[in-house]
Each structure stands twice: as structure tokens, then as C-alpha cells.
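One structure follows; several queries about it will come next.
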Amino acid sequence: MMRAALNVLVILALAGGAYFVSWPAVMADAGSPEVELNAENLGPRPIEELTEKSITRDYGHAWQTMAAALRENRSDLLDGYFTGIAKAILAEEIAEQKRSGVRVRYTDQGHKLEAIFYSPSGDAMQLRDRARLEVEIVDGDKVVHREDVTLNYLVLMTPGADRWLVRDLQTTAAEVRP
Amino acid sequence: MKYFVPLLITAATVVLIAIAWVNSGGMERERMRSSRTSEEAVRLLLTQAQARNWDRAHALLANASDVEKSAFVADLAGSNGSLLTFANLENFDLWPLHKTDREASMRVKLHYSTAVGPLEDVRDLKVQHEGETWRVVWPTTTVARVAPQVIPVNYLRWDIINRGAEDDWGVQNVDSPQVRILSMNALQRPDRIVIVGEVVNEDTVPAYVNVGATLLRPDGSTFAQESSFDKISHTLLPKQVSPYRIDFPEARMNQVKSVRMDVKSLLVAASADPVIEVSDQRLQTDALGKNLLLGQLLNQSGQVVNIPHVVAAYYDDSGKVIWVSDGYVDQALLPQIPVPFAVDLPDDVAPKVHNYHVNVNYFNVNRS
Amino acid sequence: MRLFLASVLIPLALMICAAAAELRAPAQVTAGKSFSLASTGNGKGMLYLTGPGQASKRSVMLGDEIQIRGDEVEHAGRYTAVICDSGNCAATHFFVRAAEPAKVSLLVHPSRVRVGQPNAISGVAFVFDKFRNLVLSPTQVDFKAIPKQGAAVAQTRPTQNGVTWIRLTSATKEGPAKIGASLGKVSELRVVQQVASEACNLRIKPDWNGGKFFAETEPVRDCSGNAVSDGTVVSFTKVDASGKTTVDVPIKRGVARVQMPLKGNAKILVASGVVTGNELSVEGRQ
Amino acid sequence: METTFFRRPIPLAAILLLAVVVHGPLLLMELPLNTSYDANLHVFFASHYAHHWFDPWNEKWFAGFSQTTYPPLAHYWIAIFSYVVGLRMAYMLVQMIAILLLVAGVYRFARLFVSERAASYAALFTVFLGTVAFLVYSAGQLSTLLSASIYLLALPYFYQWSRTAHWRGLVKGVVLILVAASVHHVTLLFGSFLFALPVLWLALADRGERSVFAVLGRAVFFAVLAGIGVGVVLLPYWIAILKHPIEQMPIPHASRSNFLLNINYAINYFFIPYGAMIVAFPAILWLGSANRRLRPLLLGFWVAFLFGLGGTTPIPKWVFGRAFEILTYERFTLSAAVLALPLVGLFAEYLLDRYRSAAVAGLAVCCVLTMGLALGWLAWSPFKTLSSLNVDQVTDFLNRDGHDKYRYLTLGFGNALPKVSTYTTANSVDGEYNSARLLPEMTRYGAAQLTSAKYFGTAGMESLRAMLKHANNYGLKFIFVHEPYYEPMVAFAGWRKVETYDYGSVTVWSKDDVSPARPIQSDAMPAPWEGLLWGTLPLGSSILAILLALLFPDRARVRETVVEFPAPTEEIYAREAR
């Protein structure tokens, strides 16, 4: 009887262990980063109230899913908020990560967005983002590089079925170190 | 004990089965197999029709020799892909109007479950006493037949070449049609908020249109979201106007600060055929005091329209849309054969109606 | 003595180790062009290269020039190169900028426009290099609008952050207009259909044919004289003794025509979209 | 020792082998997945556990529902086997195990009442039992069958503990009850009355010198312990059911009908499940009443029989009240048949003793006819299932080009819906498991699945209409139509036909203004700790039961009952020969 009970305990412990191993993947799905949008100097088309809300929300979600996709090496996560060249480059990066075992981890500390161009027909918007990030380059479990950095991005977003999608996400040279 | 228990169990089982048989309408069913009264005769006929036992049902008619079986079947179960062919007779109510020893008149309300929702059909039937039994005299109708003819069809048709699934951003594309909401009027009804209005396709290509509305609370948050569903003509040819109606059940105006309208349009392949004429339109009050908009539909093309759907907009004297009602027509539209229709409108709206416009939408079995 | 040696040699060794991990990169690199990173130190080390579409590692010899192939830096943006030697790592960053402009993405809207609409057509050009990087340095884009009839209109606009745009007024005559954007040898062309505007002066006339009454519009045109497209719906409404009759008829070969049985005197009205036409009073014939 | 072949008990191993020979090929052909109503549903549930072991929240149906509303053990075992043999074959494997356990369970249960020989006949008849074939190949009620089997195995321990206070009986019995409850709680609930009471009665009858109160006390202790155990093992289930008691409008079910008013229902729910056993009803009555020890069995059979008749007698309505409209009654036919089997075994013993080869031939023909009829009914029945519908193109469509970002609906797919749901990554607003429905568009109407809306008349079509009205809210973009009946509503509501499969047998409709689906918030979502319990305790209880069986095997029985037919006197029917 004791043996049986022990066996059961072992099984339960294994199951519990498996659960808690899978737990971090669930818990790591943190909330959207803080995004501030300034559309004062936007042209030639003025931004609509709903579009402003949507851009702020969707850009935040895009960063959230990008960080998760790079952390977990899951290119399927990119489908939600990326399209075109941005999605292709990120998918390529994830494929490279899988091949080399090197990963880039982003800890997002907020974005200051400035909308700079909104096409007359409302089908493309270009923005400048000043992103505060903690970037880690990890090889296996070893962190080979870690930095806190503020980076400038030039972003091109286009409307999708129910949200704005990031079509191009390019770092530009003006970099400021904290 | 050896005999008592089996006998007791057997007897108890038989008694229980008998009780349940009576409770679940076994007696009534037996009664329905006879037609010793005028009511029983109508019940028997409609029960057979319900079971789609057409031979038996037709044989039960007093004037079976005068009524074509196909016409009788078409009358109760539809033909030519009409709405009744997509329906089941769920149940019926009947009550006598008058009765003598020789004949009686019965009113029946047929409750159909159809592919687009419930449908009720009220009919008055004559019942005759023949020997020991009563029999229903079915109204003699003949199946409408179109005279052989050639109807040239040379209306326009728009076809679309769709873009592929691949992301071809920045290359040539065809924009969605320009559609516009012409009017919007939010009304408080006893049990709901209703938004009525009209939408027009301003473009030169056909548009597939859906109108949606969002009720917003004073704090700007969404209170409810609904769409026009089937109370609109979804396919609009260039410059065509369609009424729409959006219902928000259980909503009250004091809960809402504003309404956000949303019209979505899509470029679709479409044909300008068939053209359906809506003639003899008039507002009328029926015997039960219901306000109705009556008229006839005439299919001017050469193809059958299986399920016509009438959407009517009513205007007040300032030209504002004050109500939109709709109804499905249970007969198919054969070429050149007029088919009557009726849609109702609320009692409090009827006196304010100054004008109205009827739009005909349709479903064809082989083209959707 | 031992203590002294240890206190001198250990920091020295650490400094050597630290020095071994030094890495230098050029400040700007062009996409798709190979270049080299300068490293110091000796022995073997591990180079990590991360950036847009890149997350690789490879063994390198320290102290040598480390070659970075062009295909490793095809995407514009910020790259980080890290070199590690026995647990010590040093990093450097460099920016890859887009190569020469090689492609223009041209967004032209709308694809159909009514005639005579001021600033109704917009064209937006995005300039990319051959690796699909947005070219951020200012570039001149030539826009050209070629109507079906008449002279072409050209305008040159500089890009800002890789984008430039133009607005055009639609012509007064219907027909396709070509809108193009070119950049050196590269050019893109889009077609905008200019279509007739709302019907103008919509009129109907009676027509008795074989004892049947037909209501027919005169050729339906907009205010500029362009024929309204076939298929456009015209609503006929007849009010007579039998009640009201409405028929939605599409325009065919420029006119809309419908047969309407009459019962006594009738009033016939016509409308197309929000435009209403004349009213016709007809006396029924037996 | 009897040497005549006809007078010897059939070894249980041989009967189990026969069960494999009879049912094995049918299961290898995956018959239940193509002919039964519920098999695909169980595969669907199992598929979810295979992918999300500790997360019972399944977003594939009803815009999200909790699988804690259905005991999970059978599904977890399918999930485990699926890692090796795939989902479909894993289902067959668990189904085969259920049949084998039922044979063993009937044998052990019958053994409490009748001789080893009669019990072996009862077990043999189980293989060919119409209700077993009906539940396996027509109803697809894996859980009912498996739970009943395990429950039958638990009953001898309950008898042992109640009668002799043997602690192993208590432990093994309670653990098996937990396992049975983890498979299907409803079977256990009704089984407690229909099976446990006759066994308790028997324990009292066989108590010998022991006190009545001691036997009853032990039985109560067993019940309390089992009740607490079931409460703990299925805790997430109780939480779910307390949070959302079933308040939806009752859904019609044919097993609640009066079979006398519809011959097809009578065939489906009476003649097919009982088969040739109907011929033995007089003998069952006779034997059951003639023998004091068998009377509780007869009474249990009679009660289960009456319940199994659904609306043919008023008893279920009187007993269950409003719950009558929630329950289905075909499961009681299984209970009735199993309760009758010991008596049928006894009757067979009598026939064999008297008619020898003729009896063998007669009984064999009855067995084959009963099972043959049940299998034939799959083809002849007017109640056709759609489980064999080819849904590959539907799942291909949903899994490509980001179509799974939207929710979908099938119309006219019947019980092929779970098959679609199992193999697609997209989610649906419909589902085949009525108890988990919480969306108001479904619970406010007296209709079950939207995919079969037309069969529920106006209620069904109104429910469908309500759902289509809220398509934008649910991200419901794609509708797959297998019956043209639904096309008018779909077309008038704003969907357009976009693709056609199988020469027009299935059409795909799309509504273009629908935004991608977003998660629908629900308070029915189980907490993570509930998922942990759900993923461990039910399976743990079954593993414990297996370990107990392996580590502490039952001692070989030396007991022999001497119930004979016809009985010489009323008093001497059972005697222990130790």
C-alpha cells in the first residue's frame, strides 16, 4: 500500500512539476507597453479620434507580440500585428534565432510616438518612435550582452481588417544612451 | 409470492404505460384519425399535410376531383423553390367561424418554421358533412403557368477579378464602392431602440452593403452593437437606395448618449437582372385592424425568383424615414406573374406616414 | 612578494582579457555591402551578430579583421556585434542604412473618381532599395498624370523619410487617367477611372408602343455632359387609381425604360439616387 | 467437478477474448467515428487535453467553454494513447477497454447473485448485448459505458466491505467509485440507486450472524467516503455547476418520447437495445420473483426498465420533475439490461441443462441476431448521423490564409461538427455539448446545436438568427453549409457564397465586414489551480486503481453459490462452500 501511495505521489509531483514548468510561459504574457502618441504635426490628413486610439493600442500590442515572438521563437505570434516587410524580417530573425540558439530579449519601458505622415486616403501612416528598452542578447541561458537603451524607430503602419498593422519598423541612427 | 410479484410488476407496467399513453396524446391521436366533426376533419387534413402524406391528405378533400394535387401541395408546401419549400408546418390552431348540420366554416392559423424564421398563414376553410364524416372543401386554385415565350435578357453584369491572397501592398487595386448613409433616425419603441434610415450606393459599380450601429453611453463606452441583418438590401446597384433598420432590444434612450453608424461596402459581382416591379401599393387596415402596406410583385425577367423579400421605408410629411418594415413572400416570382405581398407597420406610425418606398430583395437557389 | 605579484599580475591578466574583447565597427554601413569589424586580442572568440533579420554566432580569431558578409546586413537598422572570449564579452553597435533607391511603391486612390472633383486623387510614393529598406535620404520622385485626352501633367517632389505625395483634381471628361511615379529608371503606373458624376437634369418622356405605356428617360448625363454609367439604377414611381407602383430599372445604353400599365390618369416620377427628375402626368388609354 | 462442456462455466479469459474478436474488427474499422452520435465529441474533448493538459478552458466551442463541466477521465486516457497511436485509434482503444471492463464487471456483479456458470453466461451475453452495440456504435456513449463498467467492478468491493468489513474492499471500492465518477458522474449517480441498493440488500441478506446496523453503517461509511472523494476529485466540476447551474431552455430528445406513438423511437430505444432479451422478459420476471435473493435485482431491473422507456411511462416525469427535460434515458436501458443479465445467465443455465445443443444453437442465434440487428439498424435507421461526412476541405479552408482568426459556424453538419473542431485551429460559436452552452443566443431558445437548427423548428431557427445577428460581436465570419435549407437565411443576413466543395455538397459563406474574433470574457473560465486539479486527480485516481489492482490482487475465489433453476424451495438458494 505504501508503495502504491508513493507511486501516486511521484505521479502527482511529476504532473505538478510539468504544470509549473509551463507556468512561466503563461505568466510571461505581460501587458501592453506604455505608448504615448503625439499627432500634432501630422499631415496631410488629420488623424481621426478612433484611428488615434487604434494606433496607440495596436502599436503597443505589436511590441508586446514582437517581444514574445522573439523570446519564445514563435513566428506565428507575428500574424496579429505585423505585415509585409516588418513581418518578413522578424520571421527571418526568429528562424535565425532557432538556427543559432541566440535570442534577443526586449524588456519594454515605453514608447513616445510621433505621427509624421498620414496619407490623404488614410491607408498608410508613418510614425517616429522613441523607445526605451532593455535589450539582452542570450546564447542558450547565458546573457552575452545587456543594455538599457533609447532607440529611434521609423514606423510605417497600414490598416488591416480591424486594426493597424506594422508594415515597416526600422531603427534610425539618432541614438541616445541613458 | 412466486406468482404475485411477476403479476404485480406486469400489471403495474401496463397501467403506467396506459397512463402515459393517455397523457401524451394517444387518445387525441386516435381521435385525429377520424373526422366525425368538422374540427376533426380539418385536424385530420392538416395532420396529414404536416406529415407530408400528400396522397392521403388530397384524398380527404371533399372536392378532390376539382383540386389538382400539385396545386394543393404547392398551396401548403410551396413550389418553384419558394419559401414554403424551405418550411415545415410546425403546428396549427383552428376555431370555428360558423356551423350548420351540413356545412361549417373554420379559420386555421398555420404556423410554419421556415428557413428565414417563423411564418404564419391564416386561412378560412369550408367543411362539408358527407354521410358519417366531414370533409374539407379546398379552394380550387390552379398552378400558375407561364406562357411559353422568349424573354431577352441583356442587362448588365459586373464581374470581379480578385487580388490574390499574397500581400501586394503598393500595387494597383480596386477600391471598395462609395456608399453613403442618406438618413438615420433613432426611435424609442416600447421594448427597444430602433434605428431606421436609408443608404445609397454612390458609385458606378455594385456594392455589397452592411450597416451597423453602436450605441454609446455617456462615458463614451459601447452600450450595444447591432447590425441591419436582413432588414436591408445587401446588394445595391449604382445609385440604388435601400432602407435599413437596426433593432436594439431592451435598450432605452436615456441609457445612451450617441450613436455611431458604420457602413461597410464591398465590391461584388452582380447582375442588373431581374427587375421586379412593385405595383398596386397601398396602405390598408385589415379585418383584424392591422395596418398593412399591400401590393404586388411582378418579375419582369425570364428567371424565377425563389424567395422575394420586401423592405419598405415609410416617410413623414417632411420626408424623414419614420419606420422600416420587412416581410418575406412565401411564393416564388415566376416571370410575368404577379404575386401579392403585405408588410405591417405599427399602429402609432401608420397615421404619420405620408409616403413610402418599397425595395425588393431576393434569394435565388442557384445564384447567391 | 607573492602577494605583490598576485596583486599586480591578476589585474594585468584581467586587463589583457578585457582588452581581448574589444571590437570596433564603422559608424555607418550600406545594406548588402560587406565590411569588417576590427577586433583586438588573440586566440579564438565567439562573435554574436544581432539586428533586423539577424541573430547569428560564429567562432572568430581575435586580433584579426572580422569579415561581415553583405547578406548578413541586408536590412537597414541597428545591429549589435558582441565578441566573447573566455566569459568576457564586448559589444559594438553599427547602423546599416538603405542602399540606392531601386523600387517605388505607389499608392493611388481612389481607383474610381467622379469627374471635376478638386484634389480628389492622391498619389503617395514610398522609395525602397533593392532589399526593401525604406530609403531615408531625400530623393526626387517625378509624378506624372496622363489623362485619356489632353496633355500630361508632371511634378517633381522630394521624399521626406522615404515618402512623398501628390494630390490631383479629376478631369471634366470621363475616362481612365494614368498616374505614374518615377525615380531614375524605375517607374510605377496606376490607372484611375474617371466616371460621370450625378445625373443632371433627369427627364422622362411617355412612349406608347403597341397599346402599352412605357416611361423612358432621355439619355442620362451628368452636368458636364458625360453619360451616366450603364447599370445605374433609375427609380420610376407611378401613382394612379390602383395605388403606387415603383420599379428600379438600370440604365441600358444610356437610357432607362420601363413598361407601366395605367389605370386612368397617372402621375409618374423619376429619381436616381438622391437626384429627382421631372414629373409626368399621363392619361390612360383603353 | 462437472466435466460436461455445457455444464461448465466459461472461463472469463475466453469471454474477454471473444469480446476482442467480436468488437475488435469493428473498432479497428473505426466504426463509432463514422456511425455514432457522440464518438467525435469525445475525440474532440480528448484532443483538447492532448494539447492543453492543465487548461480545461476550450475556446473552440461556444466562443469558449469549460471542459470541467464533463468528467474528464476517458478523455485524458484517449489523450495519453493519442501520443502513441493518434486520436482516432486512441478512442478505439479506450472503447475496447470499456467493453472488456464491462464484460468483467458484469461477470463480477453477476457473481454476487448467481453461480459462476450463470455469471459466465451473463458476461458472454454482454458481448452481444444490443444496448452495448447501441451505445458503442450508434450513440457513441463511451463515458456511460466505461463508467458503468468500472462501477460494476466496484460493487463487489462494496458488498465485501459492507458484509465483512474487509478494509481492502473499502479502499478498492472507494477508489473505483472515484474512477467511475471521473469518467461519468451521471451514470454513477443513478447507478448508486439502481445497482448499489440491490447489492446492499444482498449484503444484508448474506450478513449471517452480523448485525444489520453494522452492515448498514459500513455501507453509509462507504457512501460518505466515496461522496467526499468524488467531491474532491471532481471539485472543478462542482464549482462550474454551482457557478452556472443548467438554466437553459429544455432541448427535445427522442428518448423522452412515448415510444408507442413513434415506431422508430420504439425500435431505436427499446427493440434494438434489448434485442432477444425481450423474449427472456417472462423468465426474468419469473426467476427474479421466485428467488428471494434475486428479488432486489428484479426490482432494480424493473425500475431501470421503466426509466429506460422514457416518456412511455409517467415514472421518469414524476421522479425527476423538471429535470426530466434535461436527462436522456437511453442510459437506463443499459442499467436495466445489466441488472437483468444475471437472471438471463441463470435462465441460460437452465436452458442448457435441459436442451443442451439445441439451447446452445438457440442462444447463439439470439446473440448474433441481437447484435446483428443493432448493427443493421445503423444502416436502416431513419436517424442518420453525419459523422462520416468528409470535412477535410472545411478544415483545410479554416487552417489556411489566416481564416482561423475568425470564428466559424457549420450548418447541417450534425455530429460531424466535433470532427471539424478537432482538426482545425479556428474557433466556433456552436458546439455539440449542450450543458456547456452559456451564450444567451443559445440558452434562451429550446434548441441544441446551431448546426442542426432546423430540426428544432422555430426555436432552432430563432436561435440561429440570434447568433447570426451578433456575428460581428463574435467575429463569426465563415459559415459552412451542408444543407441548402439554411442558405436563404445566411444570404439574407449578409453572407456571400465564396467556395463550394464536393460538387456543391458543402458551400462556404463569408461576411466581409466581420472583424477578427476576440476572446469573449466569461466567468466560467476555471482558475489555474482548478486546471491543475483537473489534470491530475481524475487520472491519478485511475492510476491508483490500476496500482491497487496490480499490487493487491484479489484472492482466488473459492466460494460457490448453488442457485439453481428451477429452485426446489424458496429458502435455500445461496450457500457458501468454504
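Order of writing sets the labels: A, B, C and D. Residues in every chain begin at 1.
As a convention for this text, contacts are C-beta pairs under 8 Å (C-beta built on N, C-alpha and C of every residue); 3 or more make two chains touch, one makes a residue touch a chain.
The model shown is predicted, which means the values in this text are computed figures rather than measured ones.
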item	value
Two chains sharing the most C-beta contacts	B-D
Rounded Å distance, chain B centre to chain C centre (Cα mean)	45
Cα-centroid distance, chain A relative to chain B, in whole angstrom	51
Geometric centre distance via CA averages, chain D-chain C, whole Å	59
Distance between the centres, which are taken as Cα means, of chain D and chain A, whole angstrom	47
Per-residue multi-chain contacts in chain B, two or more chains	169
Chain pairs in mutual contact under the definition given at the outset	A-B, A-C, A-D, B-C, B-D
Footprint of chain B on chain C - complex, ascending	105-112, 126, 190-191, 193, 195-196, 199, 229-235, 242-250, 252, 258-261, 272-274
Touch list for chain A against partner chain D, complex	1, 3-4, 7-8, 11-12, 15-16, 18-19, 22-23, 26, 79, 161-163
Chain C contact footprint on chain B (complex, rising order)	154-156, 158, 169-175, 178, 182, 200-206, 237-241, 272, 275-282, 295, 300, 356-359
Complex contact set, residues of chain C against chain A	28, 46, 48, 50, 52-57, 75-78, 80, 82, 84, 89, 91, 93, 95, 97, 107, 109-110, 122, 124, 126, 132-134, 136, 160-163, 165, 167
Sites on chain B touched by chain A in the complex	167, 169
